[in-house]
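Each of the two complexes below includes chain A, the first together with chain B, the second together with chain C.
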Partner chain A sequence: MGHQDLGVELKRIFPPERVLTSELERRMYSYDSSFMARFHSFVPDAVVLPRSTQEVSALMKLASQRRIPVIPRGAGSGETCGCLAVRGGIVVDLSAWDAIEEVDVANMQVFARPGVVHYKLNEHLAGFGLFFPPDPGSTRMCTVGGMVANNSSGLRAVKYGTTEQYVLGLEVVLPDGQVIQTGGSNNCRALKNVSGLNLTKLFVGSEGVLGIITRIRLRVWPRPKARGMAMAVFSELEQAPAAVLDVYQSGILPSGIEILDTSAIQAINMYKPEINLPSAEAILIFEVDGNPAGVAWEGQQIAEIVGRRAVSVEWATDPARMADLWRGRSVVAVAAARLRPDGSRIFAGEDISVPLSRVTEALRRIKELSRKHDVAVVNYGHIGDGNIHTAPVINLDSSAEVQRANALVDDIHRLAIAMGGSTTGEHGVGAVRNQYTMDEHGEAALVMKQLKETLDPLNIMNPGKLLPPEGGKDRA
Partner chain B sequence: MPEDLEGLKEQYLRCVRCGQCRSVCPVFEVVKNETATPRGKVFLAHLLATGEIEANSQVQAQLSRCLLCRSCSKECPSAIPVHQIVTAARAELAVKVPSPVKRLVFRKIWTRPRRLALAAGVTRNIQALGLDKLGLYLRLLPPGFALPGRLPRRPAHTIIPAITPATGETRLRVGYFLGCSTNFLFPAAAASTVAVLSSLGCEVVIPPELKCCGLPQLASGEAAAASALASANSEVFRRLNVQAVVSDCASCTATLKESPEFDGLKVTELSELLLELIQKYSPGLKQIQKPVTYHDPCHLAKAQGITAAPRELLRLTCMDFREMDGAADCCGSGGAFALYHYRTSMSILNKKIANIKKSGAEIVATSCPTCIMQLRHGLAAHGCKTDVVHTVELLGKTLGRET
Partner chain C sequence: MGHQDLGVELKRIFPPERVLTSELERRMYSYDSSFMARFHSFVPDAVVLPRSTQEVSALMKLASQRRIPVIPRGAGSGETCGCLAVRGGIVVDLSAWDAIEEVDVANMQVFARPGVVHYKLNEHLAGFGLFFPPDPGSTRMCTVGGMVANNSSGLRAVKYGTTEQYVLGLEVVLPDGQVIQTGGSNNCRALKNVSGLNLTKLFVGSEGVLGIITRIRLRVWPRPKARGMAMAVFSELEQAPAAVLDVYQSGILPSGIEILDTSAIQAINMYKPEINLPSAEAILIFEVDGNPAGVAWEGQQIAEIVGRRAVSVEWATDPARMADLWRGRSVVAVAAARLRPDGSRIFAGEDISVPLSRVTEALRRIKELSRKHDVAVVNYGHIGDGNIHTAPVINLDSSAEVQRANALVDDIHRLAIAMGGSTTGEHGVGAVRNQYTMDEHGEAALVMKQLKETLDPLNIMNPGKLLPPEGGKDRA
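So, the complex of A and B:
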């Protein structure tokens, strides 16, 4: 079926302005933030922008009839090709369907459509003294639907965990067009519900391979009244994870613990000289939140405990200074490209997760790998839960560098598995890491496949993602 | 000459398509799909540069959906100058997919002051005969033609003398860059600029041979024409031997500051100069009694990073200055953007109008003629009586130099 024919069929379901079929428009849905998308052109056959569950259901029925792949997409800020039409098909841009339908203050929950942007949800919730705790670095653009589909987390996962802990229920359109409610029936507002198999958890992090999430019921928390931040500078990398352990053992659970290595410090200073970080082997940023008295006490404790290992500790209470420190950290991901004038920071091998006890070792070994493959990297991450972000910086014009980067990334992924960790702590599998799914999960990966076949026998829901590819290594 | 696409290669290659630009782009906020995002435009420019897509009118249409407000360039964590990339892509498209009408307007008419004055005169006559209203009614003219409102009878350059001496001691000799919009649409603002500068001790010179600053040409892809204009204008000022070049138009000031042809000339933004002079010489200021709010023009706040000076001036002169929400949000004008994409422009504007209403201000001050035009249009459409003026006009009143 040609694009025009498909367009005609889709326009029976959607108003014409919400069906995109021209080549140029479709091309603009061929990318996300991944490295792989820079070298492949995954142009969908059509793009639709739904505004109702009925539309999505009708779409899935059409797709089932025609056996066309359907790929859900949020803001397209992902790093795994998760929202791209790697096998053609219809991309469903859910980002414009962004209503916050209800904040149920009495029941501490919120109902939203998948397109709502994370920071906008929290801005809205702030008006009720509430918040949705997971805090990805992409808060300004990522959608809550995308967060649920990828089980995202971020800077404050150390205390608040990941998205899955907050999802109470979902409305999901299954591949055949059937609409189900997970986590209880339509009128369920219970915070606890252990009846039945936990289908909510099945869909959280399923990356769109089982169905399309069209409505989300989230648990929300009281918004903390105060925040404080401590920055500790270390002359030896090893001292940083040791200091984190000291803090935990003193009975304090910070809301965030971030690490920056030498290269990350350099990148931040180049990007925002006014932040003026000292040069060191490592910098740790601790954030504590809660009530003002508790924050002050915990801050003093952390400063004292960490001060035993650090060269210096700065306890910041000035909101402007705190904002600067946090801002520097949250932009290091892209500011990394400043390391060299012709450099681009690539998103590949960027979020491995390792056991807490082996973070130093992992950082050292990543540096060795970087030297081995002659690819510069910037390391930073959520040291509080062993989630390391590695940012390779390369010249995209050089095919030799691209090749070396790919080899480096493969080594980093294998390193993570060998160390008892995971290839991805928060960004997901998509089409860039499914080649490791068997290695990571063994027999369990086959059960995943069976589940997929049961729910999506035609394999039209976001094919080529998350699950081990047929015949091993076939990428997408 | 501004950089061409090839020269900007390192910049567009750096885009990791993280999508942070989605959070600030006023056009995306209205269109709400990926094709309107800044990263999407950088992506298209990239494809255009590598020849992966051919230059055609569809690409042109996509790239025309940018206000050049620079919100994205400012937000981008990788500091990618998206506005420059869009401008360069438009220049490439203007060569490969030439539009005879645009060429006529931006290259043949807008670059020559006499022809531009003639065009303005013709427009005035059309308006006097009511033909514009008829054209709009019959939809022979696009709705954006209603934006400028009635053109004043006489442009500023026919009212204001070429040299205005300082009142009292001459402290500074400034060249006043009288931009096209101020000249033809807001002669009263121009008169205020000259009167206020003069009362603060400036001798004000308006060189009659000045041409357009070049921004309309740049924005429509006529880079060479823009460059020629900048050369001609800079030579005029160099000959004049002025201590500073000043303009009351945020867009003109930003363009002059960024033109390599102006290197070595001191281009000063009007509000910064006025604040400096007022602080130095503390003249008596009457107070404006009505509540006043301020709208940040993109070409002042984002292009030049100037947000404090105009507010400082307003606090000095207004009893009741109040910040509105989203003061730095684009009003949706973007020069010719409002003409090409009227409905999108109006949707962007609506948010601004709501914020103005919420502020309760009776006067909106700003320092960009196209913003004034756009805000007046929007307020009138909403039946709102709030006045929109140039900041310098309020200053004129408080200095007793009403025009």
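So, the complex of A and C:
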């Protein structure tokens, strides 16, 4: 079926202004934030912008009949090609379907359509004294639907876990167009429910390969009244993860613990000399939240405990001073890109997770790999749960550098698996890491494939993502 | 195949002392703590006691060949016939396979075999300053494997969630004998991992219908340093859930919030007059944990906030006084049974979950149903998340009372669903609530069936449980 014919069929389901078929419009949906997308042209055959579950259901029926791939998309802030038409097909742009349908304060939950932007949800919830704890770096851009599909998390996963903890129920359109409610029937507002198999959690993090999420029932929490932050400077890298463990063993669970290593400190100071971070092997930033008295107590404890291993620790609860302490961390992603005048920070191999006990070793090994492949790498991330963001910086115009970067990234991914970690702590698999799914999961990956085949026998839901590719490599 | 022949085959896999085939031994495995088990004789064809994954795998291969049902069992503390051979077959008693294989302090996780008893795990973890937060009432009996299979929770789910939040990975033997690792390969110790479909969470709460859990990797948390408790007495039932919401809206998330209604207060005072609870429409007990300063602050706040609606509030951090305040709650299950001299408390309809906003209405409706069916009911439970334990008390020798109790229980279950709740907040479905699975989940229940058929095409894994029965009712 040509683009024009497909467009005609789609316009039987959607009003014409919500069906995009021109070359220009389709090209706008051919990339996300990943490195891989720069080197491919994943232009979809059409794009639709649904505003109702009925439309999505009718779309899936058409796609099933015609065996056309369907690719759900939120804000496109992903770094895995997860929302791209790597095998052609129809991109379903859910970003404009962004109603917060109801905040049910008395039941501590919120009902939202997939396109709601994360920070807007939290802004709205703040008016009720509530919040949705996961806190991705892309908060001003990413959608809650994308967060559910990727099981996103971010800075506060140490204490608050990942998105899945908050998903009470979903409305999902299956590949054949059938609409189901998970987590209880349509009117369910229970906070606890162990009836039936846990379909909700199967769909969370399934990256659109099992169906399209069209409505989300989220548990929300009381907004903490107080917050504090400690910045600690370490002359030896080893002391940083050791200090994290000391804090845990003291009975304290901070809301977040971030690390900047030498590479990140240098990049930040080059980019904004006025931030003037002390030169050190590592800087840790602890965030604590809760009630005012409890936060003060934990701040004092952290300063004392971490002070035994750090060159210096500063504790602050004043918002302006906290913003100062956070300033380096807040610009690190941009700073990495300015490491060299012709450089660009690439999103590839950027999200490994390693056991806490091996963070130092992982950072040293990445430094070795950086030297081996002659590619600069800036390291930072969520040390509190072993999730490291590595930012390779290269000249995109140099095909030799691109090639070296790809080799580096492959080594970083293999290193994470070999160390008992994962290729991805929070960004997901998509089309850029599914070549490792077999290595990470062994026989369990084949069970994943069986479940996929059961729910999507025609393989039209976001094909070429997440699951191990047929016959080995599948990097599109 | 007769019992003797089956015994011979099983003794090729297990040493003879771990294969039970005598009538007496098999009868010991014919009941759990449910009401239903009293009226049936679910005697298995054989019982085996595995000590290795290889044994479980060989067992499943034999069971597949011979198409014999296999029923995993922990401590038998369940209330749903979940571990009983409702269609015959082999019961797999995992309770003696109870090694805590490793506490990996540096990675905040523990590796355990399924038979570890909950309180023993926490006793062991306490030595490392760690704990596994879910806190079921059956802590001194229930196994961690059973908790994972049922997604158990208990008193502290308000703040700490349910078991699933802590399960990082599982070793599972599938119905065909294949062994898989979920949550990453064998050596994975990552705390964050979004690679692949989330099989771990699909197996949590699957009540043994998809496979046998043989090893568990659990995330553990720093043990809080302080605890406090508030008891509040309400002359009007309505004020109790309203006070719970007030506390949430003040930004406080207690570790637990329990309710005793009039029926429970009366039962406790009859059973132990010296406890001498004030007569009231409701008593709430708030538990708060964290650091000493934070706990003190929250205690003061709770006393003030709840004091606006309560007749009296008492806050305590002294362990002896906390034990006093808790005393009524700690005996309520036993007290219910003593409501009348010839009475027994039955476990049926005992675990409904309703939206927080409808707790008062639910308790009043249950009182009406109690009158309608002329069956006494004692109500208590985890009001913080809307999970109410209703305890019908009847004379088990009266078939008329048994019949009335069954009618009452059916009404209670239907009430929970109609109110936007669930028939089960934490105890599970088993064979006693699967008749409601279609009502609770609609079309989603058919998707559950599809997944079950995919992983267990011969329907040998714990058949007759959790999933909607063929052709409607399936109460064995």
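Assume the second predicted complex is superposed on the first by the 462 of 476 C-alpha atoms of A that agree within 3 Å, B and C clash if a C-alpha of one lies under 4 Å from a C-alpha of the other, contacts with A are read in each partner's own complex, and residues count from 1 in each chain.
Going forward, a residue touches a chain if its C-beta (ideal position, glycine included) is under 8 Å from a C-beta of that chain, and two chains touch if they have at least 3 such contacts.
Bear in mind the structure is a predicted one, so any value in this text is a computation, not a measurement.
Within the superposed three-chain model, A:221 lies in touch with chain C and out of touch with chain B [touch as defined at top].
Once chain A of one complex is fitted onto chain A of the other, the partner contacts of A:310 are absent, as it touches neither chain B nor chain C. Contact with chain B, but none with chain C, is seen for A:96 once the two complexes are overlaid on the shared chain. When the two complexes are overlaid on their common chain A, residue A:284 makes contact with neither chain B nor chain C. Between chain B and chain C, the partner in contact with more residues of chain A is C. By the touch criterion defined above, A:337 lies against chain B but remains apart from chain C after alignment on the C-alpha atoms of chain A. Once the two complexes are overlaid on the shared chain, A:448 sits against chain C while remaining clear of chain B. The part of chain A that touches chain B in the complex is made up of residues 20, 22, 24-25, 27-29, 31-33, 37, 47, 49, 75-77, 93, 95-96, 117, 119, 138, 140-142, 271, 331, 333-335, 337-338, 341-347, 396-397. Every residue of chain C that touches chain A in the complex is listed here, in rising order: 104-108, 129, 150-151, 153, 157, 161-162, 164-165, 174, 178-182, 184-199, 201-202, 204-206, 209-210, 221-225, 245, 248-253, 290-298, 301, 353-357, 382, 385-387, 417, 420-429, 433, 436-437, 439-445, 447-448, 450-455, 466-467. If you check the complex, the residues on chain B that touch chain A are 10, 13-14, 16-20, 22-23, 32-35, 37, 40, 43-44, 47, 53, 58-59, 62, 77-79.
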